[in-house]
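We just call them A, B, C, D, E and F in the order they show up, numbering each chain from 1.
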Amino acid sequence: MQQFVERVNALIEALPYIRDFFGKTIVIKYGGSAMLNEGLKNDFAQDIVLLRYVGMNPVIIHGGGAAITEMLQRLNMKTEFIDGHRVTDKATMEVVEMVLVGQVNKKIVTMINQHGGKAVGLCGKDGVLIKAQKHAWENEEQGASANKDLGFVGSVESINADLVHLLDKAHYIPVISPIGVNSKGETFNINADTAASEIAIALKAEKLVLLSDIAGVVDREDNLFHTLHRQEVQELITKKIITGGMLPKVNCCLKALENSVKKTHIIDGRISHALLLEIFTHEGIGTEIIL
Amino acid sequence: MQQFVERVNALIEALPYIRDFFGKTIVIKYGGSAMLNEGLKNDFAQDIVLLRYVGMNPVIIHGGGAAITEMLQRLNMKTEFIDGHRVTDKATMEVVEMVLVGQVNKKIVTMINQHGGKAVGLCGKDGVLIKAQKHAWENEEQGASANKDLGFVGSVESINADLVHLLDKAHYIPVISPIGVNSKGETFNINADTAASEIAIALKAEKLVLLSDIAGVVDREDNLFHTLHRQEVQELITKKIITGGMLPKVNCCLKALENSVKKTHIIDGRISHALLLEIFTHEGIGTEIIL
Amino acid sequence: MQQFVERVNALIEALPYIRDFFGKTIVIKYGGSAMLNEGLKNDFAQDIVLLRYVGMNPVIIHGGGAAITEMLQRLNMKTEFIDGHRVTDKATMEVVEMVLVGQVNKKIVTMINQHGGKAVGLCGKDGVLIKAQKHAWENEEQGASANKDLGFVGSVESINADLVHLLDKAHYIPVISPIGVNSKGETFNINADTAASEIAIALKAEKLVLLSDIAGVVDREDNLFHTLHRQEVQELITKKIITGGMLPKVNCCLKALENSVKKTHIIDGRISHALLLEIFTHEGIGTEIIL
Amino acid sequence: MQQFVERVNALIEALPYIRDFFGKTIVIKYGGSAMLNEGLKNDFAQDIVLLRYVGMNPVIIHGGGAAITEMLQRLNMKTEFIDGHRVTDKATMEVVEMVLVGQVNKKIVTMINQHGGKAVGLCGKDGVLIKAQKHAWENEEQGASANKDLGFVGSVESINADLVHLLDKAHYIPVISPIGVNSKGETFNINADTAASEIAIALKAEKLVLLSDIAGVVDREDNLFHTLHRQEVQELITKKIITGGMLPKVNCCLKALENSVKKTHIIDGRISHALLLEIFTHEGIGTEIIL
Amino acid sequence: MQQFVERVNALIEALPYIRDFFGKTIVIKYGGSAMLNEGLKNDFAQDIVLLRYVGMNPVIIHGGGAAITEMLQRLNMKTEFIDGHRVTDKATMEVVEMVLVGQVNKKIVTMINQHGGKAVGLCGKDGVLIKAQKHAWENEEQGASANKDLGFVGSVESINADLVHLLDKAHYIPVISPIGVNSKGETFNINADTAASEIAIALKAEKLVLLSDIAGVVDREDNLFHTLHRQEVQELITKKIITGGMLPKVNCCLKALENSVKKTHIIDGRISHALLLEIFTHEGIGTEIIL
Amino acid sequence: MQQFVERVNALIEALPYIRDFFGKTIVIKYGGSAMLNEGLKNDFAQDIVLLRYVGMNPVIIHGGGAAITEMLQRLNMKTEFIDGHRVTDKATMEVVEMVLVGQVNKKIVTMINQHGGKAVGLCGKDGVLIKAQKHAWENEEQGASANKDLGFVGSVESINADLVHLLDKAHYIPVISPIGVNSKGETFNINADTAASEIAIALKAEKLVLLSDIAGVVDREDNLFHTLHRQEVQELITKKIITGGMLPKVNCCLKALENSVKKTHIIDGRISHALLLEIFTHEGIGTEIIL
């Protein structure tokens, strides 16, 4: 009985959060451990179904680097990384697409549907959802990647959100592989964080949540920042406290914020139900970045 | 942190119930202690708002005997009960209506709205929601009340659910005083359990929940029955285990079940969040009566 | 037969008015004799039902001072007026609400429904229709009331017209008690003329009609002004021809006109079918105030 | 003032009729004097606009024999009648169509629009509203017409009411010329009473009203029958009291009644506002035929 | 088989045009030979039905001078032309209206319906579609017509496109006679090219197509201009290459272009399927005039 | 010019077919050469886009055996066929799914979108579109496959067509991989012909078209049957004229016909624009099987 009382109290404590996010769109980049560990996968699917039932519109953009690497190995295809970007020739691009769309995406869809959701898997080609172009490295990103042709690594030219709105309105949960297409029908591999940020902007989302394998933004002593304003983020970049793989994630958040997304979150996907813990508690478990 | 994990686990445990009752109508008779104690009132309002946000359509029918009695006393009006029915002459009827509609109903509406719901108070006169007639005692109900004119004590002739459907669809929470009206415009006092049962039938509700000041249906040693089938209920009536004030409640449940309501519940309104405890747990806290 | 010909001629003469007001919202403050005399009550209900059937959206805000005073007397509660405002402590406020919402409102609703309308009674708490605040007397209103705490006498902070629009669209006739609520859930007594004016503004009404117990605006020889422009009204105020109880009514009209209500009317509720006489004839029976 | 009071009283007396016919379809055969006399034409247009504004869906089917005859004379074309049917060869049919559709219909449309209605003229060819076939005389109709080819005199094969429903729903008033078309695209002249009856059936109309140049059904002393049941009508036919031109009108009524039209009326179009007099009074001015 | 392959290839070649004009409104002035020759009439009807089925909204405005002249002769009525305008007294106007609305229009409607379309004939009186006024000749149009009363020759005051939108949305094909009406209910004869241009503007049409009995705009050697920009048109007018009957047609096109119609076309109605040839081929068969 | 006239004539000849199939659903099994040859792939995509633009709802179910076999070889995985069924263990199933969903499907989607369609790729997991179960061989299908576990070869348990209807209504073109899922979330490989047949039934399709690499149903001299009735088909089976790979295709057709699909077609996908040739000509190019 005590356990039931606690359950009910928990529901009541969640009420203010449910109320505030009712009818709002939450775009989630799903990747890393949360996508590899069986228990965490299950937890994530439950979280998504719950968000949908309590009135939010969750939209998922997923990664899949590990599965891609594994398949490339099985096919004896070499893969090279420059500055963290996978050099993606046509043959590699085909494997990337096949694995993301035909394997990783469908596993997520099925997991969500097993828990009672109505997930639909899409990639950027469906309804020309993600119009892409070859990624052009800007000056500030100078590095090896700017001097070398990375092949079919793309950036987002435009998002056509019609299909996602149609599905949202009919209570489906879109699960999107970050594959883009250009006007010639060529396929491009797009960074999942970037795709999530652009889709959040196109959907005028309330929140962008990036699941990753770190606690969030931390200082030099590994203390977590719970909340950061844009200003503070820029200082941390200047001071080289935000560096490496965290830098592009933080930039995705800033771009989203500058384009009308209300709040962005970088959270630790290694924690069970990380998504609910971030959304349904005041302090959250990761770093919230706001304007 | 531990507390947040528990909150989230509780949400996840509630998910199957949320899923099953999504979009379903739950008619609740609200009365007794749950309507008198400040803490319980607050808990009830939260419960209702939560049910609405997680996708159910709660519809409330309330009682108010204590407030009526108090007002009659302040007005020096005598009130007589025969077999549990208040003898209701025209002057008394006016007080009953005024207190239920103008005082009790609006307090419930305000309490729910304070918690973020969108409640609208109605009585049976609004949109001629409850068409009533003078109550005629049937043979089996022989007693003093059958031989005496109880005045404006009414029974339900028909329910016009259009207005409730309109409000439900627009996400309002209807709070209904059990006042009926006949074709001459006369006002009738209707038993709140009965009104709730009839409204549940008219709305083709999933559940009818009667909040009362007892644990549920109990045996002679006061052990609670968790689940009873119609058949068992009738045996308990024959054996005089179900008697007194429980008898009409049980009959309301049976009538609802025989007219397509899926499940009915008699629960203990004296327990905090009794409503959520009944709906979001497998065993529940009261007695569930099913076909 | 002659009588039928006259009836039909009357209908034909009414046609231009029906045509002009088709689909328009008419907000009516209902009070005074028209609410006390049985015949006039019946006439008013017929007028409202007719307006609805010929395509207008009538919205009623009612008073009820006489019934309140009577109930306060029955309860041996004293009531004090300062500058025409009832000093309203918490206990008084409860009686005011109970009488307006639970007695006066429902009588109007039933009367209209008896004539074939579909009336629904509301107060400012339903769907938080009238957000209120404690009335603050402005400088120009200096008088005894500005120096004394009148208790729960409120002014309108905002009107949430969603619920009224929903009901209008479904052909219901909203009947509204001028009771407001603040964010703490406290109840406020609002002047019915003021509430009507604010609701007319929120609904972008075509007309605001104030029924009262006087012929309209009159000059010193009691000659009725049929039409007054804002400018003229202000001169009459300056010349102290408009004074006393007429002053706040006229101010309600001016505020409505300044906020996009097309026409306002102060008419004599003591005349049978005053409402139809004002709306369906060129000259009308009261005073029309326009920009 | 007295006149205004009478106008308002008339409106109130009309209320029960307005209420009862709200949202109902009234199909009116318009012809004879009511279509020739300027004053009556104007009255008729007002009546129709009023019916529309008070919530009914009037649908007009018009005749036009006089105008046809006049045009045939101007064109020096002979016209022959057999048993009251105009022998209609191809050349005559063209004139009939041209006059009904291009002259008579548009005058009615314009007259209604002048009074504030939104009339749209149609003939049976528009949207293939009236599918026609060559009229085959049945045995009981034996007479000269059964033995002679009357040319393009048609009977209704089927009514496609989609277009009329579309216009009704958008508050237009359909004015229909009784011209039919067969699957080969040939044009047929259809008796207006018959067309009105068939359209009333297809629209599941509440009422069919035939305007004619007689008082209604009368006995041998010219006393008007106010109400006749089917049974009585058949006796009057057997007794040869209903004969001649009244016979087909009465048969149109009976057919409509047998196919779910609620009431039918044969009224005197020579009386001003005959339509309103019939619809808005208890006794009416013509003969009502019911099941 | 070869023939089927060609059919299919033709469909595939038409695809880009179908795609580009899907959902677009095409206003067509129909007149001249295309309306007189049986084969061309049939071809035109097929073209219209095809346009409708492949997703366009064709709207037809028709002429009918030949039929009018014929009927005037049969009626022994003289007709006079000044500067190409028919002097239209009241009696003539009645014949014009009767012939256009009651004869020409219905033939077009029936022809389209025979091919499986759902045509509905209208004139400017229906739903007050074309509000007209007496035509006032402007200075630049100096000529005999400016000095003489041409009677009921009208120009367009305003277009009320509601009815056309309603029909379009329900997949009907509006066929409109260029008859206008003023506020007094008087009828006006409007040039069909002008009416088509004004209706195209009111409907924000994609295309205005004028069918005529010439190849298009030609130079002095009768060579056809395939495409002309506004600038070029004005030069051709200055150089007196565009003169006579072509001048008002070209002006209709320019006015349409200046009021947001995308493209205008003057094509040769004497060619079979001229309409499809213009819409479904790159070069077209007539003259395209664009901004 | 001659070529344009032919194009237009071809459109006109296609009109009766466009008219008849307007708004109808056409389910197409796409596979074989039509999916391998670049030119044929392009033709097929054009055909689909054209069908959509002229008002039909095409739904595509595709195969992909060749691509699967190629990928299995690249992965050094052996594949075994028994009675034409691929033995599909878990590892093979993963490759099948990955290739169909992540490679073949997306190529079709992109090809259609390149021609201006709005294709969306789905598999049976999306919105649980295809509920599958392990295929149980029935007695009549006795053969090696009935005695051996073929692994994840599935049959259709139920089709949930909601998602397809949603997409159809919004003018998307669904492209479906024949992958099913059971309630445990396991993946099943379903024969594409069978999946197409079941989806046609669930959608109440007008037509089921199976593209294959043969001319259609032929007799022993390889003469094509243009039309076959169920009865005839059954005789051909009895006479062993329909045998081998044609047998299951024919059975798919019969099952569809018995479940309300109007017509079924087996056509030669090796012919350019085979689909249009079958739909837009009277005789068609393959075998039509009807009840």
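Everything below uses one rule, namely that a contact is a pair of C-beta atoms (placed from the backbone, for glycine too) under 8 Å apart; a residue touches a chain by one contact, two chains touch by 3 or more.
The shown structure was predicted, so the numbers you read here are calculated from the model rather than taken from an experiment.
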Discussion item. Can you check whether subunit A and subunit B touch via the same residue numbers (shared by over half) or via different ones?
Written reply: same
Worksheet item: How many angstrom between the C-alpha centroids of subunit E and subunit C?
Response: 56
Worksheet item: How many angstrom lie between the CA centroids of subunit A and subunit D, rounded to a whole number?
Response: 69
Practice prompt. Once you've mapped the touching chain pairs, tell me: line, ring, star, complete or other?
Written response: ring
Worksheet item: Reading around the ring from subunit D and passing subunit E first, what chain order results?
Response: D, E, F, A, B, C
Discussion item. Using the touch definition from the top, list the residues of subunit D that touch subunit C in their complex.
Written reply: 1, 4-16, 18-19, 22, 43, 46-47, 49-50, 53-55, 115-116, 272-273, 276-277, 280-281, 285
Practice prompt. Report the residues of subunit D in contact with subunit E in the complex, numbered from low to high.
Written response: 74-75, 94, 97-103, 105-106, 109-111, 113-114, 118-123, 125-128, 162-163, 166-167, 170, 172, 179, 181, 185, 187
